[in-house]
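Two complexes come next, and they have one chain in common, chain A, joined by chain B in the first and chain C in the second.
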Partner chain A sequence: MATLELTIRERIAARPARRASRLGLLFWLAIGWMALIFAVAIFADLLPLPSPTDMDMLEKRAAFSGEHWLGTDGLGRDELARLIFGARTSLVVGLCAPVIGVVIGGALGMLAGYFRGRFETLVVGCMDVLLAFPPLILALAVTAYLGQSILNLTLILGVLGIPAFTRVARAATLTLSRREFVIAAQALGATHARILLRELLPNVLLPLTAFFLVGVAITIVAEGALSFLGLGVPPPEPSWGSMIGEGRESLDIAPRLAFLPAIAMFLSVLSFNLVGDRLRALTDPRQGTL
Partner chain B sequence: MLGFLARRLIYLVPVLLAVSLLTFLIASLLPGDLAYVILGDQATPEKVAALRHDMGLDQPLWWRYLGWIGHVLEGDLGRSFRTGQTVLQAVGERLPVSIELMLLAEGIGLLVGIPLAIVCAARAGGAFDRFVTGGAFGMLSVPTFLSAILLIYLFAVELHLLPATGYVPFAEDPVANLRFFILPALTLGLAEWPTIMRVLRSDMIATLQEDYVALARAKGLKPWRILFVHALKPSSLTLVTVTGINIGRLIGGAVIVESIFALPGIGRLIVGAIYTRDLVILQGAVLLVAVGFVMVNFIVDMLYAVLDPRIRHGHA
Partner chain C sequence: MTVPALLSVEDVAVDLPTPRGNLRAVDHVDLKIAAGRTLGIVGESGCGKTMLSRAILQLLPKKARLSGRVLFDGQDLPRIGAGALRRLRARSLAVVFQDPMTSLNPVLTIGTQLMETLREHLALDHAAARARSIALLAEVGIPAPEQRLKQYPHELSGGMRQRVAIAIALSCEPKLLIADEPTTALDVTIQAQILDLLAREQRRRHMAMILITHDLGIVAGRTDEVAVMYAGRVVERAPTPKLFKRMRMPYTQALLAAIPKLDAPPHAPLPAISGRPPDPTQPLDGCSFSPRCSHAGVRCHREKPVLRDVEEADHHYACFNPLEVAAGLGS
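Moving on to the complex of A and B:
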């Protein structure tokens, strides 16, 4: 039975390993798009752009022109500037929130997977409780009562991401703890702290990084959804989600006001998902068939 | 099987208690005094103090929790001070909308996802498989509010085929009711099928490499019979979990889709309670949704054990 399973594993593993070795054009396109939005978000202040919040009531929903490359929105604000400053909002929330998740969730998951026993049961139980709540509603309630700010938004989205990171870290630690190099370290009398930090952490880091990128994608979507409902980033601060929400009001006369930020968000989410997925396929060839 | 059931039931008790405690804490610790919310900002401090005393708000937190959970266990989740409705009435009114939306969305997701997964798994790595897998991956990156906007633009604004927003009860006019549900259900279904397709395809590819499938092929059974009769059931374990989690999630209301299409489901009830600071409804509805989610997960675990004997005997 054991040999049979082994051959099946090998057969399954053989297929995607080839696929993972060539990252492909799409992967590099995704990296390119990520580099582009990072660059414009970082250097937004230095770019020769009109202000993203200055209104011009005479130029409402203006078409593409030399002055406004992508036209203006319903309040006469420059669409391109709002897209670029919106990228900054998405990236700040999208990168900071998963950091909370990866640090706390990663630590809890590793400790649970390494020490097992009661502590593991407790951690898994706590995560089950947290997962039982509809995340968007929790985020809505907290931002509605604590006030809409980028900080509050980042904190709550970060906390909501903890269970997923805990699962990834625990699963990886569980399998790694049984490997020879960990047993060897234990036999040599290494302390728990040393095993966790020097032996396990470098190996858990790879799947965690892959999931971190997927976490960024999920957070950008969540931030967009909250801003779309008007409970995310406070106006007039530009955010792709609120731009889509505002553009929805004029779908019949100027659909591009909803579709431009929608395209920007889709490409960004797709890029983070794609890069995260390829990294995961590298670390776990068996899951690559997904 | 009974031992497994008992173990899972015992595990449920602390989880449900913790869920109720967390719900209570969130609703209680959010700033904004309930007494001020009811009386308005102009209320005199004496009046506020009196109302706080009447409502028991001056009691310590743990005492209020015990009182609340006691009422909840008797089936009394409280009454909205805004509409006078009890939580159970409000949720009961909205639940059919959320359930209809959930059924239609899951139906669309499964109807698209399962056949695609089977066809892809049968010719894994082929042109069709790569096309569909790529499409599914792309769809996973489309947030529901984006596909909602796109569908509204296509079917309501450009083609004038379907209404963009609104709701009519099924009992009043079934056809109009379904017309209102098509776009929201399609929006959610579009988000569901990629996950369904991906997990089933991946499990199916593994199943098709098992020796008994090779035996069935050697016996000369027809390919569709192998795929649908021999390979589908053993491949559907993860699919059951995913569908179960989706159902549990959607019973709690699809907040975004219900808001966009103005459907009066549970999601909008909760969002409305957040906007109007109706803490009793918020607390009660969130508790019911979370408990519902835990229960659906429990049922899924049980189904799992029915489908896979290894789990109920404790060595998986």
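Moving on to the complex of A and C:
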């Protein structure tokens, strides 16, 4: 009897350990990098940094020094400060745009998947149109018409992200609303709103959250690409994309000016992808017995 | 029947439009069930058992067309409107589904799912709902109910999950419980436990129960009346003891004969019903069982037999050549 109890206790103790190791070291490194980026972006104003927009024409492309840890750029602005304030831009756009996508797209997708019929046809049709529209042209048109600002940039990238979230939400809802727990809820007298919010939403949130993190990574790259092309954040404001664009001019003399923001962006995007991918694998219904 | 019926299904037909044409899933079925009684609905896969139960609950697929009347407590369910139907479903009707894997929400805890129903429909506060959930789980035979409240469906076994599904169904004291093949997804030992649990709770709460199954052996000891369905129609209906003592419809006998018997000699062939059920999109002129029936005569292929009580008032069957001998097969 005693030995039996012992083995059971051991097995229970072993379970959390296995779960932790399943996430892997890389996952925690990614989380660490994300935490660091978030921390410096949030507290950028409190850090003892030189202004990211103050130019010092005497110290153009200065090398690493005690005064400028990562040197200065082509206009003599502190590279580290620009990187950190650029992280702010990247994260604000990178987080807000997918939020627009996940809220609107998720809602549309769930409604389409649950109610089916003509509404679904309409939503899917609209999303196909939006997907078929060249994103760069749309961004160009909107910035030309409304002007360059972080808000406009976020809105464009958010709207462009809607179709993907709609598809994820609709696909999940389609399979889930066939499950008997939805019929069981109906049989217990639940309203449509209740079924959508209480029964389906918690289920759909799993794939949506995982896809949200991938969406953040995609958006950071997209913001970088637009800023690189000069369509993103207006010039004095730093952004990783525009920093790479500016560094391109002096690639032969000071390649670090393009590589430092590129490395920051690479690590951030990799982190979001890794975390998103691992979470998706964890919530994959094929692995668990959902 | 002297007792007024709690549920009476009158001339109900369900049509499903399919690409191959109209599919008549339920073909003019009449059924009655009184409070506190158990009705077994038996038939092979695809004979319309589930569609009939969905028709009673008004949970048919959107495209399906329903005709006839479903009277519950004097109200015609297809015509009482969404709000009244919702209130009725909440308090008086309940259903237990076949597969407990899919009938519980995988991402909500057992407690959330149970308490939500209680708080919504019985207007209990959190503490009262919790206390009642624990009591309900204990009633359906779940050990350590307090800890179960915090668990998710995937942490429970199939039998446990079905018990939870039954607890949720019973939570609002329904007057009618529809159990749609409640044990098909479970193994045989759990099957008996779940059926006993359903029977016990049914007697205790004096609720009516419709037990839908494809296994005549299940209904034998646990129902008051049995309706045998074939191709969307009720082909034989009788009080359970009478049906098993003297079945008149060849299909019922064939169904019973197809149950493997423990005392059969080794390697004895299982008398399966030859052929396949008729294509429901192409209705036959004659009896739908005639192509597979060993007793079929000329008339069976030409004319549809109606469900009638011939010798006894409560034994209905739809057959021109009923079995004369007592079946006496037992189960």
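What to note about this one:
Definition applied: the second predicted complex is superposed on the first by the 263 of 290 C-alpha atoms of A that agree within 3 Å, B and C clash if a C-alpha of one lies under 4 Å from a C-alpha of the other, contacts with A are read in each partner's own complex, and residues count from 1 in each chain.
In the analysis below, a contact is a pair of C-beta atoms (placed from the backbone, for glycine too) under 8 Å apart; a residue touches a chain by one contact, two chains touch by 3 or more.
For clarity, every value in this text was computed on a predicted model and none was experimentally measured.
On the superposed chain A, the two partners chain B and chain C both fit, without a clash. With both complexes superposed, B is the one of chain B and chain C in contact with more chain A residues.
By the touch criterion defined above, A:188 reaches chain C but does not reach chain B. Within the superposed three-chain model, A:276 lies out of touch with both chain B and chain C [touch as defined at top]. In the superposition on chain A, A:138 contacts chain B only, with no contact to chain C.
By the touch criterion defined above, A:203 reaches chain C but does not reach chain B. By the touch criterion defined above, A:179 lies against chain C but remains apart from chain B after alignment on the C-alpha atoms of chain A. Of the two partner chains placed around the shared chain by superposition, chain B is the only one that A:224 touches, whereas chain C remains out of contact.
Minimum C-alpha separation, chain B to chain C, in the superposed model: 10 Å. Chain A residues in contact with chain B (one complex) as well as with chain C (other complex) are 289-290.
Those residues of chain B that touch chain A in the shared complex are 11, 14-15, 18-19, 22-23, 26, 30-32, 124-125, 137-138, 140-146, 149-150, 152-153, 157, 198-199, 201-202, 205-206, 209-211, 249, 252-253, 255-256, 259-260, 267, 270-271, 274-275, 282, 286, 289-291, 293-294. Interface residues of chain A, counted against chain B in their complex, comprise 4, 8, 11-12, 15, 125-126, 128-130, 132-134, 136-138, 140-142, 144-146, 217, 221, 224-225, 228-229, 241, 244, 247-248, 251-252, 255, 258-259, 262, 265-266, 269-270, 273-274, 277, 289-290.
If you check the complex, the residues on chain C that touch chain A are 57, 59, 62, 86-91, 93-95, 97-99, 102-108, 116-117, 120-121, 154, 165, 168, 172. Across the interface of their complex, chain C is touched by residues 116-117, 179-181, 183-191, 194, 198-199, 202-203, 206, 285, 288-290 of chain A.
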